[in-house]
Amino acid sequence: MKLVTAVVKPFKLDDVKAALEAFGVHGMTVSEVQGYGRQKGHTEVYRGAEYQVAFNPKVRIEVVVDDADAEDAVAAVSKAAQTGSIGDGKVWVVPVETLVRVRTGERGSDAL
Amino acid sequence: MSHWLSLLPLDDTIPDPIKTAISSASAEGDTAWVLTSAALVLLMTVALAFFYGGMVRAKNVLGMLMQNFYCIAAVSVLWVLFGFSIAFGGSNSVWGGLHFALLHHMDEIIPGGTYTTPTLAFFAFQVTFAIITPALITGSTADRWRFGAFAIFVALWSTLVYDPIAHWVFAPTGWLFKRGAEDFAGGTVVHANAGAAGLAMCLVLGKRIGWPKQAMKPHNVPYVMLGAGLLWFGWFGFNSGSAIAANNLASYAWVNTNTATAAALLGWIIVERIRDGHATTLGAASGAVAGLVAITPAAGFVTPYGSIALGAIAGAVCCLCTVIKTKIGFDDSLDVVAVHLVGGILGALLIGFFGDKATGIGIDGIFKGGGGHLLKLQAEDVGATVGYSFVATLIIGYAMNLVFKHRMPEDQEIAGMDISLHGESAYDMGAGTSGTLVGAHSVSTPAPAPAPAPATSAYSTASPPSAPSITMPSPLTPPATPSEA
Amino acid sequence: MSHWLSLLPLDDTIPDPIKTAISSASAEGDTAWVLTSAALVLLMTVALAFFYGGMVRAKNVLGMLMQNFYCIAAVSVLWVLFGFSIAFGGSNSVWGGLHFALLHHMDEIIPGGTYTTPTLAFFAFQVTFAIITPALITGSTADRWRFGAFAIFVALWSTLVYDPIAHWVFAPTGWLFKRGAEDFAGGTVVHANAGAAGLAMCLVLGKRIGWPKQAMKPHNVPYVMLGAGLLWFGWFGFNSGSAIAANNLASYAWVNTNTATAAALLGWIIVERIRDGHATTLGAASGAVAGLVAITPAAGFVTPYGSIALGAIAGAVCCLCTVIKTKIGFDDSLDVVAVHLVGGILGALLIGFFGDKATGIGIDGIFKGGGGHLLKLQAEDVGATVGYSFVATLIIGYAMNLVFKHRMPEDQEIAGMDISLHGESAYDMGAGTSGTLVGAHSVSTPAPAPAPAPATSAYSTASPPSAPSITMPSPLTPPATPSEA
Amino acid sequence: MSHWLSLLPLDDTIPDPIKTAISSASAEGDTAWVLTSAALVLLMTVALAFFYGGMVRAKNVLGMLMQNFYCIAAVSVLWVLFGFSIAFGGSNSVWGGLHFALLHHMDEIIPGGTYTTPTLAFFAFQVTFAIITPALITGSTADRWRFGAFAIFVALWSTLVYDPIAHWVFAPTGWLFKRGAEDFAGGTVVHANAGAAGLAMCLVLGKRIGWPKQAMKPHNVPYVMLGAGLLWFGWFGFNSGSAIAANNLASYAWVNTNTATAAALLGWIIVERIRDGHATTLGAASGAVAGLVAITPAAGFVTPYGSIALGAIAGAVCCLCTVIKTKIGFDDSLDVVAVHLVGGILGALLIGFFGDKATGIGIDGIFKGGGGHLLKLQAEDVGATVGYSFVATLIIGYAMNLVFKHRMPEDQEIAGMDISLHGESAYDMGAGTSGTLVGAHSVSTPAPAPAPAPATSAYSTASPPSAPSITMPSPLTPPATPSEA
Amino acid sequence: MKLVTAVVKPFKLDDVKAALEAFGVHGMTVSEVQGYGRQKGHTEVYRGAEYQVAFNPKVRIEVVVDDADAEDAVAAVSKAAQTGSIGDGKVWVVPVETLVRVRTGERGSDAL
Amino acid sequence: MKLVTAVVKPFKLDDVKAALEAFGVHGMTVSEVQGYGRQKGHTEVYRGAEYQVAFNPKVRIEVVVDDADAEDAVAAVSKAAQTGSIGDGKVWVVPVETLVRVRTGERGSDAL
């Protein structure tokens, strides 16, 4: 199995979710993160003290999929999250050795 | 409340028309203060909502706020309909009848009344007391009461418990008033009463799921402090406004209120520092409220330095009482018993010791050489109000249980009141997981039962439900459809 | 507002110097109440900022707060310069002229005025009304208006729309006042006016990017409740203070305000319960505000039980109106039309039915047998104020668009007003991603255009910009430089 | 404060008993306003707690709130004991003695006093000023002061610094009062005094760990705005209430307060817009407070259009001063010097230019042709209060340091005041990492020193400490033990 | 070494922690996440506008363990987090190539 | 490619960022987490009820790097995050099979 992790712009989450559903994936885990990269941050000023904020808000989406589906899932997510402007994010894949559904103890693909 | 009396120095030599005119002129000042005080006391229930709302977990904060706002709304209407009349109408010593129902006869003074303000101003002030009393109960029953059941309970309890007790103690024709019980602003009528009812209802409702083993920390202590701060502010209306005049007695009540509250805050955090190793901000807020409760019955009957002692005792004792519930095992969630029942009783009884007629009203207590008479009167007042409130509330609570459940289903309680009862989330920091708009309700297209399927939406012609596919344009940056009208 | 009149029982037999002295004594009470009320109404705009600020998304909350605080500041200054004079000066029935400009002649009573307080106290009270009216508009235009454009709009709108309308209805020399229109505290002048202007401006500005498909939930419902609670509190000043005296009429207004608000809260949440399946806290807050709006014109002209009906109708109708915008497609973001335009018009017209001269002022409406005359007057008032406001606001809005853009650039709107317009974040929970201090601005070293490069900092001699290397000491635990002075 | 005087038009022909009665009637209105104002000023310290609390980092917000609530409590008690007496008792021009200690002799007017309200009402009003002054200092010393040391400091400082200065300037027998210094509501006594003390204490305490390199942004700007809004509201009591009557002078003070505050808000954000490229909400809040501070001494001595100039100057100058600390290197954390010291001095000195006896009291300043005499008096007042405050505070601060440390240990400061000093977390969003209940404290089973080991818990018979094993039932869904009583 | 990631119901965190401790693991990293899957979300209504919220709050627990312990840790966590109702969550395992304790620079099992 | 995950003290984030930049890495994804381990937590008391809080706030930094850079990145991060006191945190490395830049669809090292 594979764990596909996508770091994308927050307002793209609905599109990514829809893309994954269209592709047949009905589960994911999402968290709020702050991203730093080419996309420039912004400046804040409090009583004349200037702060440089390098981070931009992103959401991090984790989806475990079958080995065979990983490549397509990556493609679907990338496409759905794309706006074409800097800071659209990254998608990466790491190998998963075991997956368990807590409720039933099912393993592997059955746990999806 | 035998203290409404014109204190104007109206010499007998003054001709009557002039007397009348001067009294009227003076009444404008009193009315200004009473209308101000009424607004301040109304604010107290909002403050209470935050004092309590900050103490519950984040998933229940709206449920708590809603119960308190509902109390304001329901009791405001009930008191116009008949509540005020039951409390202050008629000459019967047990209940007031319906003479003032629908606020008829507002050009009359209430039977036995000696205030100088319009009776409508007196109503404005009193309705705010009727509002906050059931609201206080919500602290002991937090996190678990179905809203529908709560709504009915408040209407019943306000009418069957608060209105009669207010009549007994506050109305000049009430039996406890006539015996001479001293309750300046509602230590027994409001606080001990609500505390006893809170105890009864937390027994009726039972413990929250997971209590006491699971962590149930305040979700927002600054809200608690905001609530405490606004309560302190509003309580000047509660106590000083109870003079129903802007005079020396009102000034006494103002100063005593502030002084006792301050002393109670210090008393509470000193006990905490010794017992727990830390003086806490929650303790400071709690001590302040304990002091406000305890000085309420006494505000016009004691001196400022008496208030220091009274407040310090109340702060320390209430602090020590908060841990009893955990030992005994009743889930008085936000300590309504330790703060309002104990505080209210303490305040009422301590008048028996600290009572001082130097304030211009009342009689001397034990420390002033007045003997135990006053203490006996006070004990009687406490016994009658607390006893009636506890028993009547238990009966109402259990009787309602015969008809329908008070408690939310277990999964709803775990999910929290906000989502389960009100279909809302208190906070949304914009992470993108906060949901998708699926429709706008109207009466002709009634809401579907809560279900994941998107309802037919009001603007579905523009974007049919099939739209959410991976090729759809981002709602944030619609390339084709211009976003401006 | 034909209701300012001394109600003192001053018998003709009383010698004049005594009469004068008694009137002055009485005026102190009135002044106390009016100054208190003025402070309460000032607080309402702060409350409104939170009522609205809680409803917008977290990235726009400061933008909303800023617009409201700016209204307080700008209108306060404008009204000293000339606003008060335009509204209350002179004898012309259309505008008031510049007699009171710069608050000269404050020792005079305004033309036709019958209040007993100093004219400066009357100014204090009225300026707070002028402040909140443009502030109400910010609800319909939320999340998208450039601050500079908004700032200019407020100055223009206050002068060209609010000031004349206030003159027509509130000033004893205004043409609608003279025809007998009844608007006790500004149902048409403040609420219907702001609602019509809000509608106009949300048409001028266009929809928010993503509306209505994207989720735009309130980011902090407790703030909404805090705002609603403080509005309720402050509104006692708004309505009851409009008696410009601390008397029976003020007491009527107080009680009617509270009663109608309570009934409207209940009306709104009952409709929600039936239609949506949930009674919501946002609904309770909204219902309360709808009730406050609707009772505003009527507060001194109806009885408390009439207020129950009036409030319940307003709560239910305004609730039903909130979904219209989504169906029709105009982005009145926080429902200024449904609550203030509809609520204000409803209240003004319902006086035509519920009007009751038992309060001591005004004339009877239809239900009291007074016939349709009053309703006609009210409809005329509504038509004139709403019509003028809508058209004049459209003109101002579009005219400004000729000179510069109202809207923020798209990327700024997506990033949010707080960062884009004000260079601030509302919340920082200390996660460490909140930024690095790069300099302290001064006039001699002007701010760089927002750019990631660190500016030359004021203390750069101590820590040169090259410092951030992996060998630099942690700013939190400076080992070499002692952290204490 | 040479301005308390009955302004009733009491003709000599009026018989004495009638005069007395009319005066009493009039005093009710004054008392209504003074009691209201006292409540408003009390609220200001709560507001200040939020103004400051929002500006500190999330880990220190409770520490800040606690310091402010403690000031309310401690000074309230001290002022009943002896503080009021030191400030307003006796005829000595340097200190007031103990005549009013324990609030004895409250039936007397204070020496030289001309107010019409009860002396207790005057006490109520004045105690709130004594409360907020040390509270203002907490802004300059944020995030690093041990609570125990702070608690002792407040008691000493209030008694040794505030009480004497209040006597000199506010008491009719005080030496600066007698020389004719004009300080309507405490620009020097409260603000410049607190600002000088804040400067002294931030030198005594030293910089926060990490300052100025580490980011120390406001954690909750809406709290700052809430605080600023409530301060603005409460300040009407502070300034307008300082007329100690509800009359034309009070109305002047109300209008001047609002006008100068508005102008200062605009002045501050215009400077920001030019210098930093953004007008900020924090700037709007700060500008408002700067304006409130600057108009405080002048509120009854200038005209409304004078207030516009005075406010705009204060807003702009204070804004420019906030960056000085970073350049010079003293950690006045929340800019008490730039806002209160600079603002208070500015306001006091500008009376020398804008002073206008048209308000009914005071003398003309330079712009009104009154020459430099008033300015000299004002400079003397500023010099005496600021000089005494700065030196006396330095001495108190360093003397205390001889006995024990002011600062928290370094690791505690990094962890934050909330956890380290008060054993609390301000926020808990319910993520499940918020802790496990290990016991309920009581006096008989004292708290263990903070240690991870579970204490013997009050309900340990029900669930022994060994329970937390993987087979234990979930506390949320206890299958065996029914969760209801 | 292995990284065991568990996404479970928030109120189960204490139980999972206790289970891991009983098993000898005394370290973990926890974050708040939002989960989407079979478990249905809820509906919210604001002034008549209905929102469908598909996500449920979860906590995400990360534990690095020795290769040999991975299977047992998965079992212990699964068991502790189980309530038997939908939405109990998932546990998955990915391989870890390096682990360092920042304080000491220790590597591998020593870093645990 | 490798995914380097570091769990460190929040106030060390700036230093870690600077260290990575010095090393040539100009992207990362950061999230707030709660850590449990040897570092002791703290006690809270609310109205006499005592809570033991075992968790300490940390930040979790994720950086995807080329295989060749992984070891150096780990060293740089560890060094920058070190204070020497308990609770400094962990750094671990897992293998990444695919990396995509959403904006362009670039893969592998090009996506960095």
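When the chains are written out, they are named A, B, C, D, E and F in that same order, and each has its own residue count from 1.
FYI, a residue touches a chain if its C-beta (ideal position, glycine included) is under 8 Å from a C-beta of that chain, and two chains touch if they have at least 3 such contacts.
Since the model is a prediction, treat every value here as computed from it, not as a measurement.
Visitor: Where the contacts of subunit E and subunit F overlap, which chains show up?
Guide: Chains that touch both subunit E and subunit F, as defined above, are A, B, C, D.
Visitor: Using the touch rule from the top, work out which pair, A-D or D-F, shares more C-beta pairs.
Guide: Contact tally favours D-F.
Visitor: Out of B-F, A-D or B-E, which pair touches the same way A-C does, with over half the contact pairs the same?
Guide: B-E
Visitor: Using the average of all C-alpha atoms in each chain as its centre, how far is it in Å between subunit A and subunit B?
Guide: 48
Visitor: Measuring centre to centre with CA averages, how many angstrom lie between subunit A and subunit F?
Guide: 17
Visitor: For subunit C versus subunit D, what separation do you get between their C-alpha means, in angstrom?
Guide: 28
Visitor: Listing for subunit D: what residues touch at least two other chains?
Guide: 18, 22, 25-30, 32-33, 36, 210, 212, 214-215, 217-218, 220, 226, 246, 275-278, 280, 282, 323, 326, 414, 423-425, 427, 429-431, 433-437, 440-442, 447, 450, 475-477
Visitor: Going through subunit E residue by residue, note those that touch at least 2 other chains and give them in order.
Guide: Expected reply: 11, 30-32, 34, 44-46, 48-51, 54-55, 83, 94-95.
Visitor: Name the graph shape formed by the protein chains and their touching pairs; answer line, ring, star, complete or other.
Guide: It is complete, because no pair of chains fails to touch.
Visitor: Quick one: in the complex, what on subunit C touches subunit D?
Guide: Those in contact with subunit D are residues 15, 17-18, 20-22, 24-33, 35-36, 38-39, 42-43, 46-47, 49-50, 53, 61-62, 65-66, 69-70, 72-77, 80-81, 102-103, 117-118, 120-121, 123-124, 127, 147, 220, 223, 226, 246, 421-430, 434-437, 440-443, 446-447, 449-450, 458-459, 463, 475-478, 483-485.
Visitor: Given the complex with subunit F, which residues does subunit A contribute to the contact?
Guide: Residues 2, 6-8, 31-38, 54-55, 58, 60, 70-71, 74, 78, 81-95 of subunit A touch subunit F in their complex.
Visitor: Subunit A touches which residues of subunit B in the complex?
Guide: Against subunit A, subunit B makes touches at 429-433, 436, 468-470, 472, 474-477.
Visitor: Tell me, which parts of subunit A touch subunit C in their complex?
Guide: 11, 34, 40-46, 48-55
Visitor: Which of the residues in subunit F end up touching subunit C in this complex?
Guide: Touching subunit C from subunit F are residues 10-15, 18-19, 22, 30, 32, 57, 59, 76, 79-80, 83.
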